[in-house]
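Naming follows writing order (A, B, C and D), and every chain is counted from residue 1.
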Amino acid sequence: MSMKAAIVGAAGFAGIELTRILLAHPSFDLAVITSNELAGTPLATEYPGFTGASDLVFSAHDNPELDTCDVVFLAVPHTAALAMAPRHVARGALVVDLSADFRLKDPAVYEQWYKTPHTEPELLAEAAFGLPELFGEGLAQAAEKRATGEGVLVGCAGCYPTATSLAAAPAIRLGLVAPEVPIVVDAISGVTGAGKKCTPRTHFCFADENFEAYGVATHRHTPEIEQILGIDGRLVFTPHLAPANRGLLSTVNLPLAQDASTDVAEIIDAYQKFYVVSSFVTVLGEGQMPKTTSVVGTNRAHIGLAVNKPARMLIAIGAIDNLGKGAASQAVQCANIVCGLPETAGLEGFALPVV
Amino acid sequence: MSMKAAIVGAAGFAGIELTRILLAHPSFDLAVITSNELAGTPLATEYPGFTGASDLVFSAHDNPELDTCDVVFLAVPHTAALAMAPRHVARGALVVDLSADFRLKDPAVYEQWYKTPHTEPELLAEAAFGLPELFGEGLAQAAEKRATGEGVLVGCAGCYPTATSLAAAPAIRLGLVAPEVPIVVDAISGVTGAGKKCTPRTHFCFADENFEAYGVATHRHTPEIEQILGIDGRLVFTPHLAPANRGLLSTVNLPLAQDASTDVAEIIDAYQKFYVVSSFVTVLGEGQMPKTTSVVGTNRAHIGLAVNKPARMLIAIGAIDNLGKGAASQAVQCANIVCGLPETAGLEGFALPVV
Amino acid sequence: MSMKAAIVGAAGFAGIELTRILLAHPSFDLAVITSNELAGTPLATEYPGFTGASDLVFSAHDNPELDTCDVVFLAVPHTAALAMAPRHVARGALVVDLSADFRLKDPAVYEQWYKTPHTEPELLAEAAFGLPELFGEGLAQAAEKRATGEGVLVGCAGCYPTATSLAAAPAIRLGLVAPEVPIVVDAISGVTGAGKKCTPRTHFCFADENFEAYGVATHRHTPEIEQILGIDGRLVFTPHLAPANRGLLSTVNLPLAQDASTDVAEIIDAYQKFYVVSSFVTVLGEGQMPKTTSVVGTNRAHIGLAVNKPARMLIAIGAIDNLGKGAASQAVQCANIVCGLPETAGLEGFALPVV
Amino acid sequence: MSMKAAIVGAAGFAGIELTRILLAHPSFDLAVITSNELAGTPLATEYPGFTGASDLVFSAHDNPELDTCDVVFLAVPHTAALAMAPRHVARGALVVDLSADFRLKDPAVYEQWYKTPHTEPELLAEAAFGLPELFGEGLAQAAEKRATGEGVLVGCAGCYPTATSLAAAPAIRLGLVAPEVPIVVDAISGVTGAGKKCTPRTHFCFADENFEAYGVATHRHTPEIEQILGIDGRLVFTPHLAPANRGLLSTVNLPLAQDASTDVAEIIDAYQKFYVVSSFVTVLGEGQMPKTTSVVGTNRAHIGLAVNKPARMLIAIGAIDNLGKGAASQAVQCANIVCGLPETAGLEGFALPVV
């Protein structure tokens, strides 16, 4: 039985990747794609790779057909989702929000980092957090609720938080990490992370051959990572941009607790057990480190581990596709779970062996 | 009902793309992947993107299990296929050869360009040519033969010949092109076209940011294109390398016949009719030109058309994925046809909207 | 003795490359750089690679100090140069125009292609054409005129015309090329050729990994190439974009005249004699083809030659830096000549061996 | 007065960049370039960008003319320099070694990390350390010695140590950094850092679009950085590879001492004073972060600074060209100093404004 799905904000990079996934999904029937800027433009005109794929045409965000959709994905800028989500939840739909609007559990923290008050604190309180490998219980509860026909909201994790947390959470939850000391995360994203807007930052001639840090000590994913990992005030997060389209690599430096083993084989073993039931996370063997090209175009995450013994530091490195597990495919994974489908429905693909 | 399939030479770029496609194919069950160099190495060790995809391990080319496979794909260097194909055809298998060994219909031309005699002229004579949109009849006959349980050989078209011929053939077959004058083809390939071997040409630091012509007036795809299009001695073919992984663009300059119309809308209309039944070829509208990123990772071809009226020249530009429609997915398309499957089985995907 | 120089439109890609060259030039003293958009912004703020290089600040195009400059380079869009050049020529300055405004000798052709009347036909008539290797005489005359203190205007050749003409002109001028038949030119440019403006075409995520043709049968460099080579109505010119920053490669297909030799060694010899006095053009030996990375960042041009004997076609391939010999450094070369300096002043550098 | 110079190992990436710099150097006359592999090959054949630049031909490492050179640059793999340096120092030459053989002051540490005993401990003891901004005194002493006609050896700093130490040393030397706690350094290099050898790691099709960590917890630059900064056993160093040719960015996380200010403006001010006499190091203003493209092709270093106040962490980010300030141009800077030339001789260039 197929469910009618819509993507609000389908023309941006996360939205269009969602479009690609949903067009091939066995249970979601993509009926509406919206973009205020491109309303009236056929999908294949804006993204010619879809030629022959579908006759969908972008419509405006106020397309009334949205109200007939069982599942509404919101791939709009933050604050826009705040305004859109409540109506669809109220009418009993599943809303999967890819923006930052329903991620930060404390409305005050949201206001501090996004410079605008959170207008839906009640909805925020009941939203499930969309990072299934670490917050499966909340999604399971949402699925139960959904099964009764109620509206449900999922606020999906961001790209850097996803890669960083998948790499860090097992060690932290297993008590391997020293309390109170800073955790340094240096992450690298492809240029799709900077969005579809044409700016000097995304101009080929400035991005090509260049790499640089940005948002140093000020990136908005900081409080989200701290919330997920429970490390308030301890995160030192520096994102970088590399001259590639997709991919995200997060190098997490975790100071080992005093009584923790520095044996990397043991730690790898613990991580593999932690993720043993996960369909999408692979913990690599000793000496292996993840490549972003291994996961681009997929919902997969690869994690590599090493220990610096003199400094007693665990280095946990996670690789994902920033548009995949970091955005679009993770949203689909969440929707699958909440709708009672196999978690992997529509997400079975592997990366091109040569990108 | 699934058929058992093997890839001989699965570790190279065409072979590994075949592997990716066959692992997800609904009717072929990939049982054997061979590589003499990597015999004993798990697939996922060499290509870590396959982690979790399959437990396949590369075996040597003489793996006896090959003889139990219904379909054998040969992705080996030329001359190697000459030695391998006969046995499998003789035992009643479908052999799909991606090398150049069974493409050139005249053994003398083969010997002239490949500097080695063709040792299987009889098999060559009965081989079907693997470019379904232009040589569908031969493949249909092969399918009939195959349905009786006989062995069948398909010699697939090369990458430049595929893109070039898809762009040029309609005009030539419809009589729009002047006879006897040269046809200039300037084509561009991504670096995967230069193969997996590590050489100065494929070294990142020499290939990156560079573009250049190679094989000028000497490229071995010249006689193949001339054969397909029936333009012996008239082809001026210059391939170029661009700093991208995949993709192939062929710009074909076709002098219009004296009585041919120079109206591009008419020509586009004729092309669209020519390809109306084709699942994979799209003729773009007036003013549109193909992008390689629209077809990368797929079996699709996009064709753009323009006319230079003062010079009475039709410019027909074809874009494909050199590893897809130019190699692996075209081989699967041929196998689908010969096996009586839907032509599109396992080949429905679209390109990533943002590569 | 140093001359005071200005660049009008210094913030674009050609203008900023001019800035780099002039800051290190032994005889030109760069005193004014203008940009209406960036007026008031320090050079190093917009282009941080200049940090420490100079205290220059962009001023508006109407900066009165322009009138005190001996040499004024115009790197502004077409029609803007039409308005700016006359005043400076009238006051006795050397004006070197990088735009298309003073290239096409026939004002009617200018109007046809640029959709605006040419308002300075007299100045156009007396402008020297800025492509020294092929139009040295005009520049020599301009130098004589300049030596008397008169104002002088140079209209520099465009990027595609420069590479194409350097590759084609020797064969044409030496009578090797068949008359009346079309000449096919397929050229490739790096993305800087699309300019500094942030557009979907220059967005990293659309340009990266992609190659495509553009301006097919409509590119404005067509009449300029036809004028330079004297091949009216015979040029079939298709430019392509490749995912690199700089570099331009032009593959020129020249049908050999009936009595011309097809011996490539002879032709190479003739080309080498043609360019024997040229400081910047190198004709490569048999079997060698030019790489764009060999000339990026320089004023050099590399030319490779091959013959397709059955089709009697000479393939002449020229590589330049589109921002160098195709724009900024060629403008400096012209200025050097007109000012009586060594042609190579400030232009001695070689490409990075590894870009 | 010009000095005769030689490069042993000129065909590798550091060696060829040295070649480029020395060919344009005002005081060094490059007379010998060696490469055992390419002995007999003209420079311009291997690196066609040098066409017309010079008639130099690679000779073997045992070229006797080496013994007539005043300055010998060694760009050979480690252990090879151990064997070559002593003879030239003994005969009174200046030897500038770009390998790791004379960097680590403790021969035991060398043996531990390079798995071979250090055979020249005495020469090691007297070698000057080639990182002028931080070890100027040693180079000044070497210059005095050299002025008396004695042989002198400089062991140049590595690429990661240079960028990392330029970013970290001011804070450490000024007492801003907490003692005894780990210092996390995550650095990114372009692919030239992986060398000229053709390997899967340097294959375009595996490097393009990919980023990954390598040598995690095992990279040989670890003890060198610890030595320079005096932070034995405290460095957590993870290098990464990004899909660019050149450039190196080091993100250094420095825990601030208990009494240190967290005011970034103060820290920037202190850094700017620290480097006030440096010709090549620029400390960027508040809110600015370095781009690798700003320094590629030059001897310059750009440093950006930010503070994470909750975690009391100073983030110091340094950008250099790994082949420039990280190798070839730094070697020339050292040679300039030791030879009594202006530090900047031959190194005045700025990066291409658009790479």
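In this section, contacts are C-beta pairs under 8 Å (C-beta built on N, C-alpha and C of every residue); 3 or more make two chains touch, one makes a residue touch a chain.
Because the structure is a prediction, the values reported are computed rather than measured.
Would you mind telling me which chain pair, A-B or B-D, is linked by more contacting C-beta pairs?
A-B
Let me check something: if the centre of a chain is the mean of its CA atoms, which chain is farthest from subunit B?
Most remote chain from subunit B, centroid-wise, comes out as D.
Roughly how many whole angstrom separate the Cα centroids of subunit B and subunit D?
The computed centroid separation for subunit B versus subunit D comes out at 47 Å.
Could you put a whole-Å number on the gap between the CA centroids of subunit A and subunit B?
The computed centroid separation for subunit A versus subunit B comes out at 37 Å.
Check each residue of subunit C and list the ones that touch at least two other chains.
13, 192, 205, 208-209, 243-246, 290-291, 293, 354-355, in rising order.
If you look only at subunit B, which of its residues touch subunit D in the complex?
So the residues of subunit B in touch with subunit D come to 13, 191-192, 196, 198-200, 202-205, 207-209, 243-245.
Taking the complex as given, what residues does subunit D use to touch subunit C?
Of all residues in subunit D, those touching subunit C are 13, 16-17, 19-20, 23-24, 47-53, 192, 208-209, 245-246, 282, 284, 288, 290-291, 293-295, 297-298, 300, 302, 323, 348-355.
Can you list the subunit B residues touching subunit C in their complex?
Residues of subunit B touching subunit C: 181-182, 184, 186, 188, 190, 205-206, 208-214, 216-218, 233-236, 238, 240, 242-247, 249, 251, 253, 255, 289-293, 296, 304, 306-313, 315, 317, 319, 354-355.
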